[in-house]
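Working notes for the structure below.
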Amino acid sequence: MAEILGLAEAVAELVHDGDCVALEGFTHLIPFAAGHEVIRQARRDLTVARLTPDLISDQLIGMGCVARLVFSWGGNPGVGSLHRFRDAVEHGWPAPLALEEHSHAGLTNRYVAGASGLPFAVLRAYAGTDLARLSGQVAEVTCPFTGERLAAVPALNPDVAIVHAQRADGEGNVQLWGISGVQKEAVLAARRSLVTVEEVVDELTPRPGALVLPGWAVTAVAVAPGGAYPSYAAGYYDRDNAFYQEWDLVSKARETFLAWMREHVLEPSAVA
Amino acid sequence: MAEILGLAEAVAELVHDGDCVALEGFTHLIPFAAGHEVIRQARRDLTVARLTPDLISDQLIGMGCVARLVFSWGGNPGVGSLHRFRDAVEHGWPAPLALEEHSHAGLTNRYVAGASGLPFAVLRAYAGTDLARLSGQVAEVTCPFTGERLAAVPALNPDVAIVHAQRADGEGNVQLWGISGVQKEAVLAARRSLVTVEEVVDELTPRPGALVLPGWAVTAVAVAPGGAYPSYAAGYYDRDNAFYQEWDLVSKARETFLAWMREHVLEPSAVA
Amino acid sequence: MSVASELEFTTSEVMTVVASRELRDGMTCFVGIGLPSTAANLARLHHAPRLVLVYESGTIGAKPRRLPLSIGDGELAETADAVVGVPEIFNYWLQGGHIDVGMLGAAQIDRLANLNSTVIGSYDSPRVRLPGAGGAPEIAGSSRSVIVVMRQSRRSFVERLDFVTSVGFGEGPGDRARLGLRGRGPVLVVTDLGLLRPDPETCELVLTHVHPGVSPEQVREATGWDLRVADDLETTAAPTAAELKILRSLEATKGADG
Amino acid sequence: MSVASELEFTTSEVMTVVASRELRDGMTCFVGIGLPSTAANLARLHHAPRLVLVYESGTIGAKPRRLPLSIGDGELAETADAVVGVPEIFNYWLQGGHIDVGMLGAAQIDRLANLNSTVIGSYDSPRVRLPGAGGAPEIAGSSRSVIVVMRQSRRSFVERLDFVTSVGFGEGPGDRARLGLRGRGPVLVVTDLGLLRPDPETCELVLTHVHPGVSPEQVREATGWDLRVADDLETTAAPTAAELKILRSLEATKGADG
């Protein structure tokens, strides 16, 4: 049964310096509130795994929490570049950022292998690309039946997975609907997991398109209303597209970025 | 877009002598009506693939339609033996039955590989068992990252998959809820697919726990109300447990079996 | 509550009750149909309200109000916390390492707790063709621990299996690791006569308990190999009135329609 | 309807319109965000009502009423026939061979239609770090055919890619088969200047169409290699009034809240 904790307490307990932290949420249900708490607690030397590093990753990188990024697409969706990510890669600010780069299918299948208790996954990918040559993260396997050669990627088993969902019940059973990305795989592949939710309810009434993560498969649940903002939580609030466009300006320069983080994340009480 | 056909027409078009036919439905939504139509049309030399060959498989085998069975558990669930299956294996009646035998996990992953466009799947299975030695259907692969040795099974891509679902709309989009087994994988792995449904409705209103197979991924839909009886269709009718128990008696002897099939399947008009 | 030994009960009941006692609150249990399902539901209703029942049909956290006849009865889906596909149940939940205990039956068992549920006789021309593996090999491989429940006789407890469907301890100590099986294997065999547990060093099954009224000689007599008996052989506590009451009311609901 | 050439339109509009015309009714289209998404929705509203839009976020058969800003806007999920997880979308639907056409953009393309969306400059110290692969390599590999849409300039149409993110025709004829890529690869490149198609024998991109008012010299000028021009060079039909009207009303909804 998942423990129901306060967000600060949950992050303090589950996320440690040097951990591999998967933060998942594919455009929808991005765990911003939890990411901000990681920044406030000044975690260092993290390996952050995320298919689509976007604003929350930009913030974690810019605040110096991340030593290594495991990812497949790092941009501001529909807007453009991630300036803090680029600054780290192109200029090593605030610290050098090591990259472990995949395609979506490759990284997705790394989580699938991790969730499946397998050391690797097989897929049709990487052949002919320079992605295959970047690291020791892609190998070739031969089908024992047909002789075909396919790509293999190693399982990804994060120390901790952090995801956001709509709601949980008192036992920590989590209900999540809408676009669900790789959240289930990340949670099941990870050694520990934290699910932030919009609310805790007495009973999880069944809903179309909802998946349920049993409380016994989750380490901790923390209530964080609006915890996916400025991304969205279907049934609760919409994506703040204007914020994404505005972030392009805020994040362009180191100074405006730091000022924004100070005002909105580090000293959130100041802004009510 | 799936064609909406009559059941007899659909079976005539999609199921040919010598085909590999996947009939799936894990206790729930077993495609009895379609199986009976295959029997009426006297298909021969079929390879039938099914995780849990039960009464419908017993009937197909006893009526001489099946040359080869690809399966992982062949019994009358909660009741006992499948007498026609046993008679075929133990005494070659009405014809010898070749077996291609797996565990559930093994056969499931054969469908998964088939649906995924991969030639094989990897799993932790078979090691130390005699199942691995039965056929050329299990091999060993070595993880290129850890050196671990795991089992590999070849993809299963049936000529045709037959499943039953609750309903479809006019475009052949199929909606299925409750226990869903490996039906999606079987349909996506197969070259052709036939989905029988309880009814065709104007619009598929979303339902908790429902999956949708888009009409363009299905070859044909046929309306067959009660088409899963004596198994069940959640939301439509319950499993007829008494029938399963009665089948034990009906099927024990060749004569009573043949008489029953004649009366209830071959000449169904006689029983209204 | 009555004193247990004064109650009458069947051998099937004692097997079910004793098996159910091994299932503790909060565990996750991969449940096969028949006696394992009955035992798991008895445990849930008697002493382990948060026991998580996982059926291979994809129902996770099922809380059936009546005993299912099959592993895919509608009752299981309706009362489950989550219903997932069969690929997910085997790949993510079982192989992924989320199952504490798997309960298995079989037609034959050997002294190293390997199981046969495939054929009696030779594979190619069997005397009895059994249903086959189902989920058993991977339940035996990937659950953290395994409990086997089966009736004991010279035909079922054999020197040599006709077919190895599921691995207990293979050919002996170290074999599970060598084969890549991640769970620790069978920790207990519950029969209608008593309980057997693997010797920590040799992995060989040893009779550790007899049921009330059963002698160790009777159990050795019903075993196809030279069965070792523990020095400190104990007698299982007989089913209590509460256990039998719940069990019997459960049995009365078996396969009933909603 | 007005005569097309009398209308005014932007280069972005002509690219979108021309790309949309390649999408025919009943096709399944794997849609990336930005121009491909706009083109696919224009096709759906203009001439291909049963065009199936599949987004990598897992929305199958999305019918958005307004243009999404991201590939995972709520609008897509709400209007989809089915919403599935990301593993399923890549493994079953794309790799499984159910996608007729994938539409891709990139920062660089070479004469064999290989694409770079990873870095400009060297990987280890890039001049520009781009977002990276996303779904592109497997869209390029597994869709039955690929349409590339990108602006044409010497910086983007290059002799040699800084990084190969996605394979078009690799190093030439036969390479896709050798690499195990199952789709037939790029069949068309739509730019703001014209259309390029691979030569059936050499796989090299050849200019087959220029947009109205564009000369082949202009296109060669905007290409970083010695671009071949088809003998029977044609001019694309300019956007019609109907196409522009739908496109513009679509664009007006981009990223708008419900």
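Going by the order they are written in, the chains are A, B, C and D; count residues from 1 in each one.
Here is the rule we use: a residue touches a chain if its C-beta (ideal position, glycine included) is under 8 Å from a C-beta of that chain, and two chains touch if they have at least 3 such contacts.
What you are looking at is a predicted structure, and each value in this text was computed from that prediction instead of being measured.
Contact with chain A and chain C alike is made by B. Graph distance from chain A to chain D, where chains that touch are one step apart, equals 1.
Contact tally for B-D versus B-C: the pair with more C-beta pairs in contact is B-C. Each chain gets one centre point, the mean of its Cα atoms, and the points for chain A and chain B are 39 Å apart. Note on chain placement: the centre of chain B and the centre of chain C lie 28 Å apart, centres being C-alpha means.
For this pair, chain C with chain D, the centres built from the Cα atoms lie 57 Å apart.
Residue positions of chain B touching 2 or more other chains, listed in rising order: 117-118, 123-124, 148, 150, 184-185, 209.
Chain contacts: chain D has residues 91, 95, 142, 182 touching two or more partner chains.
According to the touch criterion at the top of this document, the contacting chain pairs are A-B, A-C, A-D, B-C, B-D. Against chain C, in their complex, chain B makes its touches with residues 26-28, 51-52, 71-75, 77-79, 81-82, 85-86, 89-90, 101-105, 108-109, 111-112, 123-131, 134, 148-150, 178-182, 184-185, 209, 232, 234, 238-239, 241, 244. Within the complex formed with chain B, the chain C residues making contact are 33-34, 56-59, 68-74, 76-78, 83, 85-87, 90-91, 94-95, 114, 118, 123, 125-138, 141-142, 163-167, 170, 175, 179-182, 255-258. Contact residues on chain A toward chain B in their complex (touch as defined above): 117-124, 136, 139-141, 143-146, 148, 150, 152, 154, 206-210. Those residues of chain B lying in contact with chain D across their complex are 1, 115-118, 173, 184-185, 188, 211-214, 216-217.
Listed in rising order, the residues of chain C touching chain A in the complex are 26, 28, 50, 52, 60-61, 81-82, 91-92, 95-98, 142, 182.
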